[in-house]
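Take a look at the following structure, please.
Just so it is clear, A, B, C, D, E and F label the chains in written order, and each chain counts residues from 1 on its own.
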Amino acid sequence: MRILVANVNTTLSMTDAIAESARDVASPGTEIVGITPRFGADSCEGNFESYLAAIAVMDAITSYPEPFDAVIQAGYGEHGREGLQELLDVPVVDITEAAASTAMYLGHKYSVVTTLDRTVPLIEDRLKLAGLDARCASVRASGLGVLELESDPERAVEAIVHQAREAVENDHAEVICLGCGGMAELEEKVRAATGVPIVDGVRSAVTIAEGLVRMGLSTSKVRTYATPRVKKVIGWPFKL
Amino acid sequence: MRILVANVNTTLSMTDAIAESARDVASPGTEIVGITPRFGADSCEGNFESYLAAIAVMDAITSYPEPFDAVIQAGYGEHGREGLQELLDVPVVDITEAAASTAMYLGHKYSVVTTLDRTVPLIEDRLKLAGLDARCASVRASGLGVLELESDPERAVEAIVHQAREAVENDHAEVICLGCGGMAELEEKVRAATGVPIVDGVRSAVTIAEGLVRMGLSTSKVRTYATPRVKKVIGWPFKL
Amino acid sequence: MRILVANVNTTLSMTDAIAESARDVASPGTEIVGITPRFGADSCEGNFESYLAAIAVMDAITSYPEPFDAVIQAGYGEHGREGLQELLDVPVVDITEAAASTAMYLGHKYSVVTTLDRTVPLIEDRLKLAGLDARCASVRASGLGVLELESDPERAVEAIVHQAREAVENDHAEVICLGCGGMAELEEKVRAATGVPIVDGVRSAVTIAEGLVRMGLSTSKVRTYATPRVKKVIGWPFKL
Amino acid sequence: MRILVANVNTTLSMTDAIAESARDVASPGTEIVGITPRFGADSCEGNFESYLAAIAVMDAITSYPEPFDAVIQAGYGEHGREGLQELLDVPVVDITEAAASTAMYLGHKYSVVTTLDRTVPLIEDRLKLAGLDARCASVRASGLGVLELESDPERAVEAIVHQAREAVENDHAEVICLGCGGMAELEEKVRAATGVPIVDGVRSAVTIAEGLVRMGLSTSKVRTYATPRVKKVIGWPFKL
Amino acid sequence: MRILVANVNTTLSMTDAIAESARDVASPGTEIVGITPRFGADSCEGNFESYLAAIAVMDAITSYPEPFDAVIQAGYGEHGREGLQELLDVPVVDITEAAASTAMYLGHKYSVVTTLDRTVPLIEDRLKLAGLDARCASVRASGLGVLELESDPERAVEAIVHQAREAVENDHAEVICLGCGGMAELEEKVRAATGVPIVDGVRSAVTIAEGLVRMGLSTSKVRTYATPRVKKVIGWPFKL
Amino acid sequence: MRILVANVNTTLSMTDAIAESARDVASPGTEIVGITPRFGADSCEGNFESYLAAIAVMDAITSYPEPFDAVIQAGYGEHGREGLQELLDVPVVDITEAAASTAMYLGHKYSVVTTLDRTVPLIEDRLKLAGLDARCASVRASGLGVLELESDPERAVEAIVHQAREAVENDHAEVICLGCGGMAELEEKVRAATGVPIVDGVRSAVTIAEGLVRMGLSTSKVRTYATPRVKKVIGWPFKL
């Protein structure tokens, strides 16, 4: 089975980190392919960048030359999953939702700890649309930008651990979701510091995507995610 | 005051119709400028096309060479309003929300009658995100595509009137929102046939946008819609 | 166009202040008429006073001898709007709802800062009934009575600014609604102190009422707000 | 113990019927006093009449010359309970809420069958405000006016039984609340026809009010229902 | 009338205390019978113990040799009420729900103060299922185990008063429910310390159960709580 | 990896069918062990039977003599998962939730088709508690008892297909969950007849449980699902 794991930003080292993390939990025989968009921001931290990423990921996935069995949208709180579902016949799993649905098997309430404060409403909105917000205790921001996770990992751990503890103590979270595609490496440290299960969206998405493929299930095409009607679309496929 | 009214599809005649309808209710001294995206589908009837439109509208609006006072996103149930709010300092009004907030001043419950069944969940999701769904009785589809509204107006009226009546009789709607940027001309006929107020999103958006400008109000920049951080963005502005 | 702006209390200076504020944003050609009830409390700060005001405003509006095009119910969180909608054929706009629907165009979440703590639940209830509460971050009380806004404006500004800052910092409000008919003058100072858009209900209501009139829209009469049936009503119209 | 049962309309025979029904379930030693407003409509079927009744009931209750232990607001879906709670130190029970909270002990979902269609939204709104709507399957109208219950009881039973059956079969109601102060006599017939428990609001309210008194409980005065502040109130108490 | 009041744990002194408290508010002529399960934990503080109690209470009630008119499930936040409703023809009242529905007649919002933090989610879940959570301001834990209420009453009062005050001041509760079957004795002290009405679940349940019996109402048998189908059930009735 | 799949009823052939279905999607190296309770009903179709099953499954699982890596609670809409989570250190997956969270990756809305009408509220309640109800279009009953699925498979398929079609056409479901542990064999036929993805709870649970184990995740023990406190528990472990 081949799973495409799509980074939402144009930072190659981040694609590599995400794909590596995905491989950690992939079953034997599952090939993980990291995908980097051809255009867009080097980190997604807001709606403009996220909308651009939505299109960039669709562009990248539909340009991929080989067959594949599932797609993971590896941006936390980002737009675009619904478009991929229309364009593809294979299952599409968004990591925001994968982390949430996984966390809900582990505790009564979960919290998300993400990067910048401005991305909190995007995550909240994605969870609300997905209908996975009822048991979300809080979405908290560490205050660090996406790229600072790589450039200053120590400070990142500290800031994330601080928010995770607050979530457990004040918001009654029993599980913490790491709210960014590139946080998987911090998992172990945050778990040690808080004593609660730590859920990574990418890893969760891999297990869910594999499960869907194994069960022979894919996106329903009867209504919302039906294949786009044949029509005149200017500028697509993209010629950058 | 100059208001840009952005069509979400690439069909020029539809931009013209939308702008014309906007002018009907604009105050003296308000200039309405219709904007057509450079790329995208000739009608938006699904998520892929809607995400593409989100970017295409941002592209078109940020390329507009003159100053302006407000922007209307004239696609019903479409993505993108949040990105415009980040990129601009002037108010941005989405017609899905404008129709809903207007309808809520006119009756206890409102319904939306839109085009194809597959666009219903997009509208429902936009209303849920906007927090304007609590008094929405139903979103109903006439079964006609966006472009059929122009090509076969008689059948369009009939199909929309049928759904509007169902909404009033069975869903207890007291107001009907016309769920498409290009439906304003049908307003009179649907009102005559149903006896309830008919709300057009574009017209509502014009009055709301004018009001915001007159009150000196614009998008809050403290959090969700803060201007994007300065960063490397490949491929933007778009060179088609 | 003539708009009646109904104060809910019997304090004339407050009617004048409200009407003045309404005129600030009214279009050329719109006449604003301030209406003061013949009976009721000199300030509304609870349910008893608010129910009395509901009737007093209906009494005052239905006694107004000239034609008019719209009515603004200028009490924040007060009862009565639904009754006016039944009695009248012109649009009725409640300032609690006008402020909320306006704020929702400006930020992801809004808060209301009002007068006494005991009026908070009234406002929360009106927002819930109106279906405009989903994006309300909080309703906060400054602790000052309605009439203290006039008698001690400096302390009023200070108390309101304090709560507005708390709302932005702790409740994640991105917009502040001034939760009282008589707070419009404080707008500028609260904006300067918080850096977020400040929404006044009366001004918002004027722009919305004008918009409805311009679009030829008024209350739906098919169900909830149908004209009262003809029947025996003792003591009405009121003879005080 | 003396309980005042306040009719919301000015029809004396209805007050008598309500009081009689209350006496059916009152404990030995409980005196039921029927109260009729001095002003208002001879039946309440809409917001204007209901707001007028809210004040008329406050007027009547605060004019009652003897001591009493509890008050029942015997209008279904009517305004005013909150004002009584502010003015009084004894418990106040609204029959809409009493019927709902009672029904919730008897089945998974309940429905309300009321009089005219236009009163349905009033009942829905009262249940929403009371936080008792989550298990309400539907509020249905028989199409008969309040006074027709008395004048044409046979037709009333038929129409109510029809809606009650629909509620059980289609809306999955397991309990039916009779949604009008004057429906108690129909109870037996509707139960026989539907096979589900039939809840009368007035009777329910009597048992709840007695229970509160027996437990020594009354309205909390710390916030929402605190006694009105001392202030100038023109025209109150009412001199009709 | 005979009401069985079922303790959920196997501690006899607690059954006695609960029954005593029930007798305080029972009408003349009502016999209160305390029931202690034959098996289960000596205190219920979690789901395993609560599920065991659910069965143990059903076992105890269905083994009771005399006729009875109603049953009170006297565990706060515990499982099992639905099963009793299926097995019995008389009304069943859960004290979690009785306290909540009673509190809702006394103030705009209520809070529950319970024992251990781990029982908070059980109570929250029961209130959500019962549809009585909309006006619940908070469920707070005193940190004391169920049996410590008896063994160290002074510390219990202190801890409960502390949380009750927090609920009133920070969560805007206007009423406090004592969230444990065995807390009724603390009622007076908590009321004195907080100034708000204090609701005991057992006492509330007695008044509600009596009311249902007096109105001739019992559990609807048309759907959710229909008598179990006749089938092979191994090990039931229990032979311990 | 060894996964215990616990049937909730005492019918051995059903345990076998469930285990067989689980094996269909289990990864190589995963051992599926079917568990049958020692006591309880031969089919669970109501709360009494479900509560008994909750205890019976805890009894059976805690009596299992070998180590295991995860547990699947294979009853649809049944009680008990929370108790297992307290008693065990390995992940516990309930099939009601597994089906729902899986369905949510495949379409905008899903419906559940189950057996008897009386079990519908149990499923609705489990989904509400799990916070997985927001995108549930409907829970529909085929009208067939659990054991009739085995005894009359043809009629079962027909009845289930009928309800599944209704769900797709009228409730706008895009995915159907088979709402019973023993329905997996019908999957293919229902899919062929409706054209939408069909989700089986047991199979979904296997993939989710495997995923949790592979990620090294298990139930959070900080609050709701902490190990029961050491205390006196009469009659446990059960001696039947």
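We adopt the following convention: a residue touches a chain if its C-beta (ideal position, glycine included) is under 8 Å from a C-beta of that chain, and two chains touch if they have at least 3 such contacts.
Everything quoted here is computed from the prediction, not taken from an experiment.
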{"item": "Remotest chain, chain A as reference, centres from CA atoms", "value": "D"}
{"item": "Listed pair (C-D, B-C or D-E) duplicating the A-B contact set, over half by residue number", "value": "C-D"}
{"item": "Whole-Å separation of chain centres (CA-atom averages), chain A against chain F", "value": "28"}
{"item": "Whole-Å separation of chain centres (CA-atom averages), chain B against chain E", "value": "52"}
{"item": "Centroid spacing, where centroids are CA-atom means, of chain A and chain C in whole angstrom", "value": "43"}
{"item": "Touching two or more other chains - residue numbers and ranges from chain B", "value": "108, 121, 172, 223-225"}
{"item": "In the complex with chain C, residue positions of chain D that touch it", "value": "10, 38-43, 45-52, 54-56, 58, 79-80, 82-83, 85-87, 117-118, 120-122, 125, 128-129, 145, 223-226, 228-229, 231-236, 239-240"}
{"item": "Complex interface listing, chain F residues touching chain A", "value": "25, 27, 91-93, 97, 101-102, 104-108, 130-135, 168, 172, 174-175, 195-197, 199-200, 203-204, 207-208, 210-212, 214-215, 217-220, 222-225"}
